[in-house]
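There are two complexes below, and they share subunit A, which is joined by subunit B in the first and by subunit C in the second.
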Partner chain A sequence: MAHRALSRATPWLLLILPLLLLFLFLLLPYLLTFYYSTTGATIGRLLNVQQVGLKNFQAVLSSHAPSFLSVVGITAVFTTGTLVGSMALGTGLALALHTVSAGLRSALLAVFLIPWVIAAVIIGYTWRLIYDPAIGLANSALEPFGVAPVAWLTEQASAIAALVIANVWAGYGIVLLVVSGALANVPPNIILAGQVDGASYRRIVRRVILPAIRPTFLLAGLVALVSGLNTFDLIYAMTRGGPLYQTETVALEMYRLTAQKGNVGQGAAVTVILFTVSLALAVTYVIIWRREARKWN
Partner chain B sequence: MKKRLMALMTIVVIAGSACSNTAAPASSGAAASQPAASQPAAASAATATKLVVWARNYTVEAGKAQPWAPDPKAKLEAAHPGLTVELSGATSGDQFNRIELSQAGAVADKPDIFQLDNIWLGQFVDEGITANLDSYYANWADKSDIVPAYAESTKVKGSQQAVWFYSDIRMMIWSKDVFKRAGLDPEKGPATWDELMADAKAIKDKVPGVNPVEFPASSEESTVDRFYSYLYMTGSNILNADNTKAAFNDAGGQKALQLYVDLVKQGYAPKAVLSETADDIYPHVFSGKTGIMLATVGDGLGSLPDGFDVSKFQSTIGAALPPLCSGCQPATTAGGWMLAINSASQNKDVAWEYISAVTNGANMVPFEVERTRIPVRTTGLAQADAFKADPYFAQEAEAAKVAHFPPFIAKYTSMIEILWTGMQKAINGDLPVKDALDQAAADVDTLLAP
Partner chain C sequence: MKLDIEGLTVEYGQVAAVRGLNLTVGHGELVALVGPSGCGKTTTLGFITGFIRPKSGRVRFDGLDVTDLPPQRRGIGYVFQDYAIYPHMTVRENIRFPLDAAKVDRKKAERDVDEIAGLMGVGNLLARRPHQLSGGQRQRVALARALVKKPVVLLLDEPLSNLDAHLRVEVRAEIRRLQLDLKMTTVFVTHDQAEAMAIADRVAVMNNGDIVALTSPSTLYSRPPSLFAAQFIGSPQINIWATDGPDEALARRVIAPLVGDGGAGLLAGVRPEHVMVGAGDIKATTTLTEPLGRDFLVHLEVGPSSIRSLVPAAQGALLKTGEVVPIAMERSHLLLFDAATGHRVEIDEAGTRREDDTRETDGGLAG
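Up next, the complex of A and B:
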């Protein structure tokens, strides 16, 4: 009897430690964030805080410096740019690597993944230097073509474009990795069949390979989307959301309110909003995935 | 059965130890320890007492001159048997966060002494983190050694709350190479705003591809910090006398910001300054891509680029007090670091004793020389020989005498965001100077309203 009870309990006992760690470092911070979003907590006062209901959300949504709508708009543009750029670059490189020998592919893959393993803050400062109007590489490269020095990070359009380029460079690696993995699993016989039928490589990619890896695309797209949505360190290192809040995204707003202004309550409210959007995207992904999976089955 | 029991116990032990380990990071980057506040009040041979000191990382860097040790620490520990001084260093951001979080109950230990940026003082006083030091100051012989411009700046709401540790001064710098190419005297920077405009014009006309003037105007602290000197020299101030309302939008403030706007409008400064920090502009001057940087921290020797030594620095860069407007008074801005005693400390007397020893002019000089920091003691400033490696020490010492300080208010970081946003609106041409500053002032007044 005792033997059976212990047998049943063993998996749970083994799970105690990971579950405890999961609770401490994942679930508890989530719960605390939700809790703090309804309080007047500040960075210097995290205990015995006053309950303020939804006032923090109201304050965030009605803020005018910057307006939350503008922050959401900038986030949407930046995220879309990151998504499109990362998917295009990552997939393009994966397809290009798919055409070379396995040995060379592994070596090149390792090289192309380097940006993905570098800390975003280092990438941010490096790109900031590249965009420096006086001594940066970007303007030096354009100078021989007679292009006047560009203040890349000063005007909103060029600043967001510059941030997107840097973030795509930082993040295309995950798309490359996921798509490369999927390409390795595409049955060679269907590609051969296409070649026998006289289809060009471009046509094979469009008609055979891409449809075969569509589920992976969904995953890579979601990862790129969420990474764009949550990017903080790179933007902070490059523009700090400025000038004039022209590059302020939701993630930066969260940091500015919490760490710079010490308004933990409002910062948590922004975090909850960002979390909800990310969750909605993830749920959408799961729904699409299941619908697609039904088709394949 | 026994084996399973053993396995079960092993799991419990591992889980228990893992939990105790996971608690360690939560107790901050400071050395984990028993709560200092729970230690006995006075050190004695019978009781072990720990004096916990939270300092900036570079002040406790091994192999470099440290103000804390070896002498002051050894002497204090010798004078108080059983006492151990526990020093730990942190970066600026981590230092702020660990002090703040220590009050929120998020870390187990609290410091007895902590080093703070002068701009944090108001907030820490408001939050009750700092101990009132009036009684210590009253009997402190070294009080008269503090540079007069600094002496009152550790007071908040009429009480002494900290002790100056070391300082840094804002100076104008220029590229001697650019000046030579523009036909200007490389040893003489502009002393007035009129000269500044004339020099900028000469550089613009004669040295193509070089920015005549730059100043930081991006969305971060150096934008306002480097602007203050120009504001102070006009007789303006950031806030009113009791720090309850904005004052930077008065005629003097408008005059100072108008200088920035005019420099951009006339093409002497690039609009790119809106996305540049002081750290971005500094290498522009060193590389000869910018002629004049209106204000920067005057510790050039502390952050020399690769390949620069003192003589190359001196032959490349000129430094002087920020140029004066007509009818204005010499002024600059000082920043720096202070030491405070935690209001919750049980070891205030011994903490004060240690602070007195550490901040002593003679003790500080080797550290200040190595790090090119500005002494806050007259005995320190008088040791020009010790600072002879710094070619501009004489100018910095003079500047220290006309130093001004940002207001020590709790909402300082929120306030400066409003100010730099107003400045950016004017520089970007979105609003006239007066409107931009008035709008910022109204927002600051709202922020500071009780």
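Up next, the complex of A and C:
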């Protein structure tokens, strides 16, 4: 009897440490965040905090300078730009690489993945240099075309565009990697069949290849979307959300409220909002993916 | 449409997959390319389609050189071994795909799809998706998609190998009937010699990247032009004994009626069904009997030589292992091959040897 009880307990004994780590570093912070979002906690006072109900959410949603609506708007534009840009660039490159020989493909893939493995802060500072109005590469590259020097990061529109370009550069790698993997699994014969059936390359891509990798394509989109939504380090390195909150996204707002203003409660409220939106997107994806999978097999 | 391949050579790196192959397929003819794996048959099909760039060689459709046209513009119907049905499209969308690509008017396209689907017996499956189809149904959808655009030539790459045995025979007959009805010029690739024999007007046996025999199924069986063809075609395999080596005694005895003592450098070949058990002047020992249903395959030994014989089941059931029986070879079915070249040789009354040259003289046959 004792032997059986022990053998039944063995998996749990083995799992105790990983589960504990998971709880400490993943689940506990989440739970604390949810908890703090309903309290008046500050950086200086994290214990014996006062319960404030939904007041933090109210404060965040009705805040001025910047208004939450403008922060959400900027986040939406930045995220959409990142999503569309990295999907287009990553998928385009993956399709192009799909047509070259396997050896050359892996070599080029390694090269094209370099930006993705560089820390976002480094990419941020590098692009800040590129956009520098006086010494930056962007202006010197445009000079021959008769474009007057642009102060990229000081106007809202150009600053957001500059951030999107930098973020696409930093993030298209994951799309490229995932889509490349999916393309490698497309049965080569259905592409050949498309050729015999008289379809142009464009038609084959649109009607045969992309539908065949649709579930993975959607997954890449989700990853790009969520990473756009959560981008903090790159924006912080390039603009710090400025000038005058003009490039402040939800992720930066979260940091500003918590770390700079010390208002842990409000920062946590923003975090909860961001978390909920990300979760909703992920769940939507899973539902779509399941429906797709049912259609196929 | 008449299909001509001239001097096709394809190399993968240093390895030649096809070497100097020539083939003419007449209008409405069905030629089967058969050979062991790696003999170059699928490569040849890939060249006709335009998937594969050759080192040299031309392909002509009714005399028109299409070698430099992309696959899209050749108007070929191709059925892949794995069918290559578009997994995310319904059966209807699959069959309509070639018509959409050709920008055929939607109404006419739908009519054509309905017509060919009816002909192929998949008319009631048009709304289904590929994963809801059986192997045989997928096969028919693939054929319908290949035929809907009224191709100039139909290429079939091992189309039956993913089907189970009884379905294979059924679909084989269907393909042949359809091909005859439509008078469709067809190249059929298979590794199964029986399948090739059953379906083709002419069979092209391939080995090492070239056609080593090209003739009608019956000639190929009864008068194979080469040793390779003789051994590749027919199951159980033909008996071959060399006049040099361990089989010398038996081989010389078998061919003596034809060549007397002058049998040097020859191979004697007798198909198992032409080895008669129960009468004759050769004494053989039975080593094993295998019931095959209609027949028994009997393994025999004469000295160091082994012999395969096919006898009717009623007779085979009575044979016992270890039993010594008289056997005889049917002289009219005795085949001789040159040991050095592998070509079949015929010997006339004067005793002169003449090599079979079927491969060179047997050109296109109008279907």
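The rule we apply is simple: the second predicted complex is superposed on the first by the 297 of 297 C-alpha atoms of A that agree within 3 Å, B and C clash if a C-alpha of one lies under 4 Å from a C-alpha of the other, contacts with A are read in each partner's own complex, and residues count from 1 in each chain.
Simple rule for what comes next: a residue touches a chain if its C-beta (ideal position, glycine included) is under 8 Å from a C-beta of that chain, and two chains touch if they have at least 3 such contacts.
Computed from a predicted model, the values in this text were never measured in an experiment.
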Contacts of A:291 with subunit B and subunit C, given as first, second, both or neither: neither
Which partner reaches more residues of subunit A (counting touched residues only), subunit B or subunit C: B
Touching partner for A:8 - first (subunit B), second (subunit C), both, neither: neither
Partner chain in contact with A:153 - subunit B first, subunit C second, else both or neither: first
First (subunit B), second (subunit C), both or neither touched by A:208: second
First, second, both or neither for A:187, with subunit B first and subunit C second: second
Residues of subunit A at both interfaces, subunit B in one complex, subunit C in the other: none
Touching residues (chain side subunit C, partner subunit A) in the complex: 49-51, 70-78, 80, 82, 84-89, 97-98, 101-102, 129, 131, 145-146, 149
Residues of subunit A touching subunit B in the complex: 2-3, 6, 10, 13-14, 16-17, 20-21, 24-25, 43-47, 65, 128, 132-135, 149, 151-154, 159, 239-245, 256, 259-262
Residue numbers on subunit A that touch subunit C, as the complex places them: 187, 189-190, 192-200, 203, 207-208, 211-212, 214, 295-297
Of all residues in subunit B, those that touch subunit A in their complex: 1, 4, 7-8, 11, 14-15, 18-19, 22, 97, 100-101, 103-106, 123, 127, 129, 211, 217-220, 270-272, 274-276, 280, 283-284, 287, 289-290, 413-414, 417-418, 421, 424-425, 428, 430, 443
